[in-house]
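Structures for review follow.
After this come two complexes, each holding chain A, first together with chain B and then together with chain C.
This part shows the complex of A and B:
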């Protein structure tokens, strides 16, 4: 399983979500976390059809997208949405 | 041409450009050189710096010249954070900031700094009680703008500054890019202030960070002393002198210009209110130079380009925000993601005429009807 995070330096919601995701990362030792910057990692980001709202967190199971979390979320919401699909 | 994007940038004043040209041609020395030509250039810079300090009622030693307000914002935020990180790693900001505030904050967040957002009231003002509740022992900085570039909301800087005096470990930085040369804001209780010349009819490529003498910063650019140890690089004599000139000119008849623009703002608001599906997002008490609005059902880029066909120029969000993202600032005030994703901004000047406003409203109607029929 892997979780891809796409954010940007100019994005205020990313200031909230990225540190929360980084804290949660230690709870999911069997999941690969990959962080992309919307502007710097353009080639990679283009593969994921990112919409109008950042950040986007995309969860993959065997390369199949199983969850996409978009925009500002607090720790509880984020944890709930991740747990929902990795059970 | 009808230019209504003055908050993005202003056309340079001819007198300012003349000053820039004269200084560029006649003061060729490096101000750091010890010979006569260098001393002449340095003397001119010192005189311009004193003039700026006099206008803004600050000390000349508090001025750090930068290439832009983005650089000034970066220098203020990273400079404070890296210098005072032994005191704490907590910074507070608002959801109404320019990307050159969020950029350094995201950078610092990756380095382990903790960033909190203060709540905004329904009319877009900083919730000062909430700000107080967020301040901790390890809070080293609160950074905000004085006027939001997208909506024109004017923050109570003096009141916030007085409150923060009770927290001496927490420095107060204000991005004053959209207010200098438009309104009077006392700078006494603010520790760091960012400004740039091209927002008040100066030349692009010069800005300033005003920093109270007692405060130290980690520089972004290390090198020689220049005009200050906090920002190295050969001082740009002609840009500095032209900045002083632009600033002086912007303060002439400032109140009269404000009243004149308020009248233009009223005309535009009245014109837009006629449409059921056009919402003005800027609060009524916002800076009259800025009117943010949303047109339901029409993409803002489409509307902007439709007006462009008639040689009318307004903007979508701000010139420096990302086109693919909804406006956090508009969302904070409207609580409506549709409006936040479809906002347009008109920004006015004392140079804008009533006839231009009438023409804008006329062609707004033409574009509106054309696009609604599609």
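This part shows the complex of A and C:
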């Protein structure tokens, strides 16, 4: 299973969500976390049909997308949404 | 058709606000007009006073045509009472205040005075003079309708104006500041600077960006204040600005309503513009010469803040309206605008200082942006309504 995070350095919401996700990472040792920057990693980012609101967190199970979390979420919300699909 | 519906809807709501209401008030207000049948200004004022009589049920107007000898004698006595020896008409007295001559500004002042005495006790010096309770040499205390005074411990005597205008500067400035228009540029600039790990350069370029942004905003607001001061007495201009405020406010409220239905986050807009600005930032921040880098950041800040003005021009424009309705000195105007700008830049300053100390970027929650649309929208609608119905309240005569 893997979690893709797509954010940007100029995006306040991303600056809030990214550190939260990094902290949560230790709770999910079997999951790969990959961080992309919307501007710097444009080629990679284009593979994921990112919408018009950042950040986006996409959860894949066996390369199949099972959850897409869009916009600013706090720790509780993020943890709940991730646990919802990996349990 | 969809756009047309929106325009009709907005116009309908705007017109809804504009139905003049009959102002009901508490105290009886007596207004004395000394005029001459041959005086053109007197004729214009008489028309204005007819409107006032319809609008204010508590207003009693007493008119004295001065070619009549008795009226002229009374006018002379009243003028002596006020220590005014100029022979002009129209001459308007309300309570302990008088207005000589007539123009749009006098009209505003007369209405403010009617509103003031509608809710404050008035001493009727003209009737006292007529009833010989006083004579023309009696000393009278002139009411200061511009403000009420409060006694605040340690600070002493403070007027409503001294409190209200700074408070409005702080609130509107802070709300305007939460509008995220130029924040993304500052964040990108800081991210590039953090990468350089040159603290002195970071401070200089970061401060250059923030100071230039402040100066641009200052110049815009001073320019708009000057325009307001010269045209503000023209009623239909005030009406147009009020309309802009109502429409801008409605748009802000509509943006807030729309934001409730979608995830709060950063809107990815205009890729090409963003990439162009990023390329410029990369160029400036990697520029060897510090002076050239600073010059680059200045031009960047100027161009970005012009975009910012369009993005949030409503609030600073309305704040300068409020200033123009208060007879302040140039220094006071400047101080209040500066105060506005400091609170406008507050979020930028916070993000910058944290980045300088921690070498990490922090963001201010985008959920706050939603509420800046709500608060900004409510403020704009209120100011728009006050500009039309209670302009006196915007000069803090409650």
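The rule we apply is simple: the second predicted complex is superposed on the first by the 87 of 87 C-alpha atoms of A that agree within 3 Å, B and C clash if a C-alpha of one lies under 4 Å from a C-alpha of the other, contacts with A are read in each partner's own complex, and residues count from 1 in each chain.
In the analysis below, a contact is a pair of C-beta atoms (placed from the backbone, for glycine too) under 8 Å apart; a residue touches a chain by one contact, two chains touch by 3 or more.
Quantities reported herein were computed from a predicted structural model and do not represent experimental measurements.
Visitor: Determine, under the contact definition given at the top, whether A:70 touches first (chain B), second (chain C), both, or neither.
Guide: Touch status of A:70: second partner only.
Visitor: I'd like to know which partner A:52 touches here: chain B for first, chain C for second, both or neither.
Guide: Touch status of A:52: both partners.
Visitor: Look at A:80 in the shared chain and tell me whether it touches chain B only, chain C only, both, or neither; answer first, second, both or neither.
Guide: The answer is neither, since A:80 touches no partner chain.
Visitor: May I ask you to decide whether A:10 touches chain B, chain C, both, or neither, giving the answer as first, second, both or neither?
Guide: both
Visitor: Once the two structures are fitted together, what part of chain A is touched by chain B and by chain C alike?
Guide: 8-16, 38, 50-54
Visitor: Enumerate the contact residues on chain A facing chain B in the complex.
Guide: Touching chain B: residues 7-16, 18-19, 38, 50-54 of chain A.
Visitor: What residues of chain B sit close enough to touch chain A in their complex?
Guide: Listed in rising order, the residues are 95, 97, 99, 102-103, 105-107, 109-110, 114-115, 117, 320-322, 324-326, 328, 341.
Visitor: Help me check something: in the complex, which residues belonging to chain C touch chain A?
Guide: Going through chain C, the ones touching chain A are 180, 183-185, 187-188, 191, 262-269, 274-275, 278, 361-367.
Visitor: Please give the residue numbers of chain A that touch chain C in the complex, ascending.
Guide: 8-16, 38-39, 50-55, 70-72
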